[in-house]
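After this come two complexes, each holding chain A, first together with chain B and then together with chain C.
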Partner chain A sequence: MRLKKNIATSDEGFIFNPGTGDSFSTNEIGTEIISLLKENKPQEIIIETICAKYDVDQNQFEKDLDDYLSQLKDYTILE
Partner chain B sequence: MGKIRYERPIIQRMNTGFMNKFGTRTEFEPVTNIEGVSVKSLINQYGSPLFVISEKQIRRNYQNATRIFKTRYPKIQFAWSYKTNYMNAVCQVFHQEGAWAEVVSGFEYEKALGNRVPGNKIIFNGPDKTDEQLIAAARNNSLIHIDHYDELYSLIRLSEENNLRPRVAVRVNMDTGIYPKWDRFGFNFENGQAWNAITRIINSENLELVGLHCHIGTFMLSPLAYATATSKLCELTWSIKEKFNKTLQYLDLGGGFPSMNTLKGAYLPGSDTVPSIDQFADAITDVILGYGFKQGDLPLLILESGRALIDDAGYLLGTVIATKRLSDGRRATILDFGVNTLFTSFWYDHKVSPVESFGKHTEEMVLYGPLCMNIDIVRESITMPLLEKGNHLVVHKVGAYNMSQWMQFITLRPNIVLIDNENNTHVIRKAETLEYLELNEQVPEHLKQNSLK
Partner chain C sequence: MERQLKNFGQLGNKRIVIAVTALNAIDSPGPGVAVIRAIRECPDFDVRIIGLCYESLEPGLYMHDIVDKTYQVPYPSSGTDTLMGRLMHIHEIEHIDLIIPNFDAELFNFIKLKDKLSDAGIRTYLPDLVQFEARDKIKLYEFGNKHGLTIPKDIIIHQVKDLSEAAEKLGYPMVVKGKFYDAIVANTLEQAQKAFFKIQAKWGLPIIVQEFINGTEINVAALGDGEGNAISVIPMRKLYITDKGKAWAGITLDDTSFIELARKFVKVTKWRGGCELEIMQTADGKSYIMEVNPRFPAWIYLTAAAGQNQPAAMVKMALGEKVETFTDYEVGKIFIRYAWDLITDIREFQKISGTGEL
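Moving on to the complex of A and B:
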């Protein structure tokens, strides 16, 4: 599970997929997850990092992360 | 310590789902209180889901509608349409304001009597009145609005047998330029049926014709249709005076004014498209005043407005049970109320507001109810903030046709709370219990046991 090589991202949450020409926007947490994915961090580390920083229950975040990653796959941002 | 507030991660394709088609953000603004009472405290105290009614708003609506008509026409009377919302507390607010009762069944008739509405201030409409009910209504001097010939002849017979002289009106249906035509209630104007019924009544010794009635449709968007209807009733009134030298006491134009809700499939929200009560009042009163009646012969104008007087006084509070993603990628939010509780979600795209405040991100979603049934959809598509399990919602303008047409199906019906003029809260109908529900059930002796272990 890694970000496709050519995906362009910005700190403001803008994502561009040159392969399909689609652009996306994501929120602050989404931006953080994307940058962790860019650094090839495993899922456990992402969960640990986000749960340490944000006021969220770990089960809740795992569920939301699953959903988020499945969307990234649908949009062919993840390979 | 000091963790940042969480919002679940979302990603959206640009150019889709950013703005809803009206470009407004009003749906996302949190509604934290109703008439000064906190939504959270209401849910904590009375549970979720919960219907909330503002007494103040009912009175404001009533006084506003009365003022609009009274400044245009000297003789106005509203009659509260019981089926629109027949919680006794609600009916009493209307009766305290001066409304008569308009009922369409024997049970509603008894409810009006129970609310101590004098018999002569009850209008008895509808196609289904039993002999016993007709006799009782005649004895109470109520206004019986005749729907069909079978009823007319029953009433003539009953009056003779029981030596009664009921006060009656003829319900008239007609072409007002509106499609579909409502021609199943009453007697038709264009084909002469209405005139025949009128003649039959006037020629009968026992019935006293006191008025004419019509109810041309519901959620009517055309003031012109009311002008047409008024004109046809005036024409009949005029002919009755000419042919029989009889002055009718009233014209009852029924209900049908729309509320500010948005009908399903409408492109623009109701608040942008629905004509004001002033426009309907102008249409109706201009015709009567312009018809040429002598001052003393001007009929009392009765109105049976339902939804326009109560829809925006009612709210439904609820809670998010779960969120999920559908196979096509759309988000789905499951609520603790569905079409069983919020019956009007079959007709309206109800406005739904969050209670908590959220960040700026929103997403398009389906709002489902909790029923294990495919039809249970509260909103097919709505843009909302990033809702989570446990968040609360407020549905607006639910005062009409929910607390009477709701279904006891799969879940029990919730509490209804009234917020009074001083912002005190009162339960006006307790949440149902299993015991209440089974009160009238009877299980035959041989079915009382089974051998499952």
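Moving on to the complex of A and C:
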């Protein structure tokens, strides 16, 4: 799962897809995930990073991350 | 001609007089005001803008920082002789260097008059009749097939009874379209018949019945040099659409497939001047050319804002300057149209209505 090269993101959680003209807002955790994706971190590292930083059940987070990534894919933000 | 071209060698030294039509900056706007705004923004030349209007309430003619002087011209249905007579009268007073017509309905007359205007010292930068007619809605499918461009299938009909046969071939939903304007999506034969009569009453025959394509609508503004090169191509996606399907907001896109498609169109037609491709991109990424408008679109100022000032480039080309092909533009540039109540008074309205000049 990699973020498409031309996707523009901001620290405030704004995502812009210049290929389609679509823009999105994501919350704080979403922004952190996007920034890890930008660094080409694999899914396991994203899970490890977020679970270490926040008080979250790993199974629950894995499920939520799957949902989030599949949304990003639907919106053609991921390659 | 050579002598005249040389006179324009340094555009900055001369005030260029440019006549522009389509000053109807209304909710479904003509491109004139946007074209002028882009031209005025170019620092390479000084211009005097002559507005050519058809009606006395076209907002552009009251925008005195946009248009220096306006003359009313006869409707396209009056024919080329009447138009030429009026243009020559205006030319005697204003010494027009270039005319940029921006209405679909008037282009035929201006293309027909191209040589006569040129003889009088007035330049145009228009496609020829063959190019102009090739992209006509009636012939677009055939044109696409010939040049490997993907166009939705269509069937041209003259009688309402032909709808059922067209539906058998195209399936539902299908789109019932007028020769010049209007498109209605029909899901049943009854809806298609209703659409047929509605469009026939407004735009006459024939009626185009077209395969329905579901997808995202992308518009592309392009400028061709008449030799097959696209000097500028800017793709835009509508972000907000009015009830008449016009863009009220739009954003420039970074998608080379649309640019390549426009370049291909310009190459195969050797298009000269501005044009707009209306493209529908399906979920599986296939791009269909839905229509080709033979002039700049009303959102053309976005091309200037994004770094490729197409109207200004066209002025330079029309006056004989070599313009390099643009390569970059700003992606994510947005336009948002707005409505503004321009205030004038009865004296101005009376002047344009009574004398045909303002």
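Here is the rule we use: the second predicted complex is superposed on the first by the 79 of 79 C-alpha atoms of A that agree within 3 Å, B and C clash if a C-alpha of one lies under 4 Å from a C-alpha of the other, contacts with A are read in each partner's own complex, and residues count from 1 in each chain.
One rule holds in what follows: a residue touches a chain if its C-beta (ideal position, glycine included) is under 8 Å from a C-beta of that chain, and two chains touch if they have at least 3 such contacts.
In this text the structure is predicted, and so the values were computed from the model without any measurement.
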{"item": "Combined model on chain A where chain B meets chain C, clash or fit", "value": "fit"}
{"item": "Which of chain B and chain C A:42 touches, first, second, both or neither", "value": "neither"}
{"item": "Chain B versus chain C as contact partner of A:6, first or second or both or neither", "value": "second"}
{"item": "Apex chain A: angle to the C-alpha centres of chain B and chain C, given in degrees as a multiple of 10", "value": "90"}
{"item": "First, second, both or neither for A:55, with chain B first and chain C second", "value": "first"}
{"item": "Greater residue coverage of chain A in the superposed arrangement, chain B or chain C", "value": "B"}
{"item": "Least Cα gap, in Å, left between chain B and chain C after the two complexes are fitted on chain A", "value": "10"}
{"item": "Residues of chain C touching chain A in the complex", "value": "216, 237, 239, 250-251, 253-255, 331-332"}
{"item": "Chain C partner contacts - residues on chain A that touch it in the complex", "value": "6, 8, 16, 18-21"}
{"item": "List of chain A residues in touch with chain B within their complex", "value": "15, 22-30, 33, 53-56, 60-61, 64-65, 67-68, 70-72, 74-75, 77"}
{"item": "Residue numbers on chain B that touch chain A, as the complex places them", "value": "3-14, 325, 329, 359, 361, 388"}
